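Questions regarding the structure given below will be posed in turn.
Chain naming follows the written order as A, B, C, D, E and F, and within any one chain the residues start at number 1.
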Amino acid sequence: MTECIECGADVTLHDDLEVGEIVDCATCGAELEVLGTDPVELDTAPELEEDWGE
Amino acid sequence: MTECIECGADVTLHDDLEVGEIVDCATCGAELEVLGTDPVELDTAPELEEDWGE
Amino acid sequence: MRAAVVGGSGFTGGELCRLVDGHPDFELVQATSREYENKTVGHAHPNLRHLDLRFSDPADLESVDVLFAATPHGVSMQHIDAFQDAADTVVDLSADFRLPEASAYDEYYDGHDRPELLADAEYALPELNRDNLPGATLIAAGGCNATASILGLLPLFEADILSGDERVVIDVKVGSSEGGASGGKAASHAERSGVVRPYAPTGHRHEAEISEYLGIDVSFTVHAVDMIRGASATCHVFPDSPVSKGDLWGAYRGSYEDEPFVRLASGGGGVYRYPEPKAVAGSNFAEVGFELDAANKRLVVFSAIDNMMKGSAGQAVHAANIAYGLDETAGLEHTGLHPVGAP
Amino acid sequence: MRAAVVGGSGFTGGELCRLVDGHPDFELVQATSREYENKTVGHAHPNLRHLDLRFSDPADLESVDVLFAATPHGVSMQHIDAFQDAADTVVDLSADFRLPEASAYDEYYDGHDRPELLADAEYALPELNRDNLPGATLIAAGGCNATASILGLLPLFEADILSGDERVVIDVKVGSSEGGASGGKAASHAERSGVVRPYAPTGHRHEAEISEYLGIDVSFTVHAVDMIRGASATCHVFPDSPVSKGDLWGAYRGSYEDEPFVRLASGGGGVYRYPEPKAVAGSNFAEVGFELDAANKRLVVFSAIDNMMKGSAGQAVHAANIAYGLDETAGLEHTGLHPVGAP
Amino acid sequence: MRAAVVGGSGFTGGELCRLVDGHPDFELVQATSREYENKTVGHAHPNLRHLDLRFSDPADLESVDVLFAATPHGVSMQHIDAFQDAADTVVDLSADFRLPEASAYDEYYDGHDRPELLADAEYALPELNRDNLPGATLIAAGGCNATASILGLLPLFEADILSGDERVVIDVKVGSSEGGASGGKAASHAERSGVVRPYAPTGHRHEAEISEYLGIDVSFTVHAVDMIRGASATCHVFPDSPVSKGDLWGAYRGSYEDEPFVRLASGGGGVYRYPEPKAVAGSNFAEVGFELDAANKRLVVFSAIDNMMKGSAGQAVHAANIAYGLDETAGLEHTGLHPVGAP
Amino acid sequence: MRAAVVGGSGFTGGELCRLVDGHPDFELVQATSREYENKTVGHAHPNLRHLDLRFSDPADLESVDVLFAATPHGVSMQHIDAFQDAADTVVDLSADFRLPEASAYDEYYDGHDRPELLADAEYALPELNRDNLPGATLIAAGGCNATASILGLLPLFEADILSGDERVVIDVKVGSSEGGASGGKAASHAERSGVVRPYAPTGHRHEAEISEYLGIDVSFTVHAVDMIRGASATCHVFPDSPVSKGDLWGAYRGSYEDEPFVRLASGGGGVYRYPEPKAVAGSNFAEVGFELDAANKRLVVFSAIDNMMKGSAGQAVHAANIAYGLDETAGLEHTGLHPVGAP
């Protein structure tokens, strides 16, 4: 269990987590990059700014 | 003016037509490949079978 | 020329008001409604808010050149004398004058009040009956589902691919404007949205028109689908002798190449390969196309129209143009939109 | 437990029949309709064709444990004695018992017949009033637009980000089922499809509930859009002091983390980033989320529910579960569908 | 029992995740996606945001009891060994194991990689093949259009009204979820909304299934219409000998009276008289009904399903229930909604 | 006059082709597309199947009088020299020349390649900038959401009801054609149907135009809803001093009474009481209306346009008409349809 740095909720992570993987927070949906695994350290992933058109 | 080999309608073509170009017939929509330009010769283009899903 | 629309507050009546108002040779002098008497036309039809005209009572008809009647079945046959007193030419959008024989009204409708007038009436569909329209004074616009069906099958008869004894299944899909402005529970948005609803499984009245004008009995089924405008007829045809794609192209080009309001669409590439209502919505075009199913000795013919236009008001104006010797496309130039939703 | 649905042929009544029938602890013993008396429930609600139950007259109420009333405003206050004679617990879906003060009925409705009962009634929304529901015998399910709005704003009050003096604009978009089964011209498929139609520009009655339960006056505007189920409230909020995203997450997680029927959706990736009715349609979930507009010192809060469920029938069953000490989610397990259209 | 969904990010895969998660006897232990690996299932399917599960790579299959494969045609035949290593029972939703003869794959598809396994596979449709499902270890869920068509016609064969030599036209209308989650220009909202679009005029692959399981060649045409879920088949049938309505009721009641997921709807009153997708959307029900067109010696049979449920994921779970001897309706209790839009 | 459309295969480009083709003073001599080079215009736009024109490469521009550029943001600023070499007048539909200050492009977009040209450009919206359009050679059509918003608020500034310091919330609802023809997962029919989806909760780029041309900062939020064409802006306005309905009518009639393409709709009877996209779909009309919420010291202003017309292609043609001294309404006579769906 690790805290999401965006919303503070607990993020469930799988066992074989690797540095560099991107996971999303189940509460806020933020994309989180795994910076370290022992202890687990997460940072906001550089978001691909998706253009929803206009 | 050339006849479409699919539907027989006249196909208007541009002046600088080149061999290998693909044009569509305005009447039947068939994709036509330019085989020769003098005289103009057209053949059905090998159609990309598009899967509309199921 | 002066024109009036009886039943101007209804769906097809609103379209007639719009078309007449935008027509280079017609002037809209009257639109009737009992329910909305004295209200502006824009009250019922928001797209016509800029029109400076109020609905009047159908009992007080102005004297005009052409009167379009867009009233429910039965009204025109009852008021035809008043209509003909008021106008030189009457174009009726109901079924009241579509069939030449009174007996057909006994069989498919509730009889006819004025059978002696049936012989005077001309069926409006120009692709079928253009030659008889010039000078006509009583014109009956075709039913929308019948129009779609006839336009799809006509070339097969003209090219002798069908003779009238064959088996033909017509599976029609229509939008909600076909039911007119009056509503009802089944027509509510919540109940009618997103449907594929068999609404006339068998015995639809338009069978009479198809049978009359093509000389063939058809197996006819109509489904309501989620669009407002549009009628799409899929005709499954089993000809007695094999036909080739070339035969079919010959037939359809032969019948429609010079028609100003018919476009052929049969395969080809892109998103819109076959006729569909979206491609003609808002316009007076019909799209017609076909495909060959050699394995089943079947032709599939697709035909799509906007029921408010080619299927009623547009067909009526087209026929009036021919009756008066005007340019056929006058007032009917709008080509439809792209992209467009469920128009 | 035995349950009855008065107004069972209507839209929310049909949902109540469905939910009660599928509930592990309830048994549906009666559904009333005057119009469809003796017809099967499936006649009105095709999804319930397999139910072996016929509508009966609301004048002949069975003795039950819980009676759900899904009748138009005014009916419950008139028949409340009969309802309470027939049932231990009455859950009313109309506005008749939502507001504690008779004066509010004078202002927003046409007065109240039985003001003395208002004090007995509990507002059903568990996220707001869970503590008072156990043992309640008269429960008033909230209005659908009020429910969406209150769920969006509540955490801001619970976390003292709003105090009640601030300016709040609520721009609501709703589907056609909100209008009930009765129809009318504006509700017809042809007129109602594809709209963004301001239907209550100002002065909507649900302002009374929001004001009562949150203690704030709101600028409230409701638009009809092209969906059948769903109410979506966009609250534009201007707090007096600056707040951070962290404050907001704290507030919303604080209020809703343990709520079984509230999901947070605020940004993130994919197609569904913020609350929207499609994501909750058919379920009793509410989705709530927010975004910060620092440049304009504004918060935008989004809240989406299915008006047939969290906005009426689902909320009613949820409250009944709590009133009887049952599992809160009993009978409300359906999570909604994906993909789904305009459900 | 432990269950995995391969292709869990797709449309039918999402439905399988939902059904498995809500199933009393199954536990969802894995959902695969290459594109969304490590993302929560709720990222792709907003209705499943509450699930605490992330997509994993299909190359790392967990050991489970039952594996549902919801992958495009060709994937299962390629990975079948891995699937069978991971699971006792494989339920495949693609066409890969639907047809017993390799030659049919040569004719309708691009051949088959593992023809020797075809004999092991059972077609999932319980109404057709219930007896062979208990204990089955390789189950092939039927195609959605084929399922609708077969359910419509099956009683006519079981009651010897059809023998297989007759002419049958099947005119199908389907929603956009049939195309899966992948999209493309023709599938965009702007191009796909409001259509009646012939998308498979002739030669649709599902002809193979119908022909295989009913023993009749059919004239098959599929139209895309404006709904998301739903497949509706209208079968125009010309039997050799006259039949009565009584014969038909006998046939349809005989085949379906005891079926938990088939409802008959043939006439009657109200808004929903015949089968339509709205009435079954979100549920595993099929509706089947018919009408007699004596004048044309025709039967019209209507059949409606939700392609995501009875037409794929629901049928798969139903078959798995039977394979394992569970209650047939376990996990499939949701009855659909009313009102509902284009779900 | 000869006209070319660069980006002719896109959504606004298709509308420009249609409008130019139907324009009495323009002749469509070129439409470009790289993807569809050599294909007929009807391949991309089925409503233009009757046009005898093929797409050509944008690198080979014909010499014309007026060139309409309907390309994505950034393309025109890059190719402006080529455009101006080919044409006397360039009308650009992208954002590239809408804002007079280069700094605004740094803030809201990705900077500007040709800032020196910004001073030459005129904003196309005639209701705002008519006086500067005659003779203009570089014209920038406004953004669709900005156009709707500006048209709603402009009279309040012209009548000094607003000065620019007030709080204004703009809640916009738009159709799917706003996203252009390119598609993507969120734009698929299955995901995009029936939505009320917050797609730009805060920070939408059109804020820059509104701020530039009205001199006010606005709180702007955009929702995607289920229509194809249409943008509807609801402006919640809190003026410093009380205003009366008479003041408002004075302001709106003052600004728009003589405008050929603005209709006022504020209350009244019938189905269509306030502005809504359906009432203007397919036409170049804007509808504007308002309501007073005295209790909350609020005005609610509604504004509705067709984003393909008044919001882009129609506005561009309107401005070109003025630039060339033609009749303002030339080529823009179509008044829209009734009934109409989600057009």
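In this text, a contact is a pair of C-beta atoms (placed from the backbone, for glycine too) under 8 Å apart; a residue touches a chain by one contact, two chains touch by 3 or more.
As the structure is a prediction and not an experimental result, all values here were calculated from the model.
Each step here moves to a touching chain, and the least such steps from subunit A to subunit C number 2. Comparing the contact residues of subunit C and subunit D by number shows a mostly shared set, over half of all numbers used being common to the two copies.
As a whole-number value, the distance joining the C-alpha centres of subunit A and subunit D reads 35 Å. Measuring from the averaged C-alpha position of subunit B to that of subunit E gives a distance of 39 Å.
Centre-to-centre separation between subunit B and subunit D, using Cα means, comes to 59 Å.
Chain contacts: subunit F has residues 11, 39, 43, 49, 177, 179, 181, 184-187, 190-191, 193-194, 226-228, 271-272, 276, 278, 339-343 touching two or more partner chains. Counting partner chains per residue, subunit B shows two or more touched chains at residues 24, 29.
By the touch criterion stated above, subunit F contacts subunit D in their complex at residues 167, 169, 171, 173, 185-186, 190-191, 193-198, 201-203, 217-219, 221, 223, 225-227, 230, 232, 234, 236, 238, 271-278, 291-293, 295-296, 298, 300, 302, 304, 339-343.
Those residues of subunit F lying in contact with subunit C across their complex are 11, 14-15, 18, 22, 39, 43-50, 175, 177, 181, 227-229, 263, 265, 268-272, 276, 278-283, 308, 333-343. By the touch criterion given at the top, residues 38-40, 42-43, 49, 52, 54, 56 of subunit E touch subunit A in their complex. Within the complex formed with subunit C, the residues of subunit B that make contact are 6-9, 24-25, 27-31, 47, 50.
Note for the complex: subunit E touches subunit F at residues 11, 175-177, 179, 181, 183-185, 187-194, 226, 228, 341-342.
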